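What follows is subunit A paired twice: with subunit B in the first complex and subunit C in the second.
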Partner chain A sequence: MSAYNSVTTIYKDQECLVESLKEMGYTEIEVHELPQNLVGYHADLRQQRAHIIIRRKHIGNASNDIGYLRNVDGTFTEIISDFDKRKHDSKWSTNLKAKYTEAVTMKTAHAKGFHFLSRRVVNGKVQLKFSDRRS
Partner chain B sequence: MAEIIITIDQSTGDMLFLETSGVQAFKALGRLRTRRASYVLPADFWARQVFKLIRWFIRDDSAGAAWCRTWRGPWLVDTTPTAGVVLVGRWMNRQDAIDAEVAFLNSWFLEGACQHTTA
Partner chain C sequence: MANKTILVEIDPETGGATVDLEGYQGHGCAAVQEVFGRALGTTTHSTKKPEFNKVPSKTTCINR
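Our next item is the complex of A and B:
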């Protein structure tokens, strides 16, 4: 009998999240040790705070900042205003998540000492192959 | 040297991988759900019924389960829980059947199509 695992990825790795946001086209990303206030489209300081911030000037004139707040358990919560969800909709979020999943998989494999063998893409699925030399 | 294969669905961002040694670290990357993928069973009908009966009553990590795995072939691969098919082919060596099972499932995770199978 074989079993398989399905994992719904949760944003936990700051480095991979920033890397994935860069892949989504945002090259100017602020990373803060302490959460900073987000800025709204009127240049107003919002009450929402985040550790990872894409400033509105990099998103669009009428946009608000986009942020990712690190929670006590180490996971990140995405903060996107309703206005910006028109551009950063569920499809955008899914693309980001897919990039993050691949980045964090590669990082985890590297940390475990696995040797990367190949990457295949078929019909919207990516398959990463590693070898575990220890076994 | 063991292979670890991770499949990422770009339409959801979720990942799939078979339960093998070395995958523990990947399980911690999010919300985990573990499910049965397939069975390797005796190809002979009556042997298969006895096998299922024994395995119904004993744990997968028991000595009895280990004994069942030493039975002589031929073996078949039943992927009903996932792909819903029994693979074409019978294997005298159980490890060969498992290898075919793993190769098929990883191909199915990626391509979703069933090749070399019978309903």
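Our next item is the complex of A and C:
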């Protein structure tokens, strides 16, 4: 073995983020080239805008839209109202991040030509193994 | 040539990951680390193993 890295995940791949949100149960997701206003629970337009939006009708009757705004540096900022953080709490966010991490890992490995060997769950942790057959 | 494998372990407590490289020698693994580090986010901790500083053996192919 030669190296061991710990990586903190940051959302910056739009495709993988949308895929992960779908895995969390939100199948109706809007993706916009330009950021659009979020809508509040009174059907009021909010000041906050986002490129990736889950409309409130897909979340709950009293909910607000959830959004992800793409920043200038390509990273995404999550926009969730205080009310909706009751359901979309830190545990929910961590689950989403774990799914995103897996999606990005698979996409990156495929793009770089690494050969997928296995996916295992060990002590609750997903382990993805690849071989590097490049010369 | 030793088998080179990459093990990515995702922590359900943080959503982050650890990337463990096996079979790499020399600084070749740094490029692989960078690939995953850049794709996923930011590298918060990095540990070089003893093999990191080994010079990879050179293989010469002779066509007959």
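The rule is simple: the second predicted complex is superposed on the first by the 131 of 135 C-alpha atoms of A that agree within 3 Å, B and C clash if a C-alpha of one lies under 4 Å from a C-alpha of the other, contacts with A are read in each partner's own complex, and residues count from 1 in each chain.
Throughout what follows, a residue touches a chain if its C-beta (ideal position, glycine included) is under 8 Å from a C-beta of that chain, and two chains touch if they have at least 3 such contacts.
The structure displayed is predicted, hence computed values, not measured ones.
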Are subunit B and subunit C a fit on subunit A, or do they clash, once the structures share the same frame?
clash
Counting only touches as set out at the top, which of subunit B and subunit C does A:I66 meet: first, second, both, neither?
neither
For A:I54 in the superposed arrangement: first (subunit B), second (subunit C), both or neither?
neither
Check whether A:V7 is in contact with subunit B, with subunit C, with both or with neither, and answer first, second, both or neither.
both
Kindly classify A:V18 by the partners it touches after superposition: subunit B alone (first), subunit C alone (second), both, or neither?
neither
One more residue to check, A:I79. First (subunit B), second (subunit C), both or neither?
neither
Can you list the residues of subunit A that meet both subunit B and subunit C?
1-10, 12, 94-98, 100-102, 104-105, 108-109, 112, 114, 117, 122, 124-133
As the complex stands, subunit A meets subunit C at residues 1-10, 12-13, 93-98, 100-102, 104-105, 107-109, 112, 114, 117, 122, 124-133
Enumerate the contact residues on subunit C facing subunit A in the complex.
3-25, 29-30, 32-33, 35-37, 39-49, 51-52
Counting only contacts in the complex, subunit B reaches subunit A at residues 1-19, 21-23, 25-27, 29-40, 60, 82, 98, 101-102, 105-106, 109-112
For the subunit A and subunit B complex, residues of the former touching the latter:
1-10, 12, 94-98, 100-102, 104-105, 108-109, 111-112, 114, 117, 120, 122-135
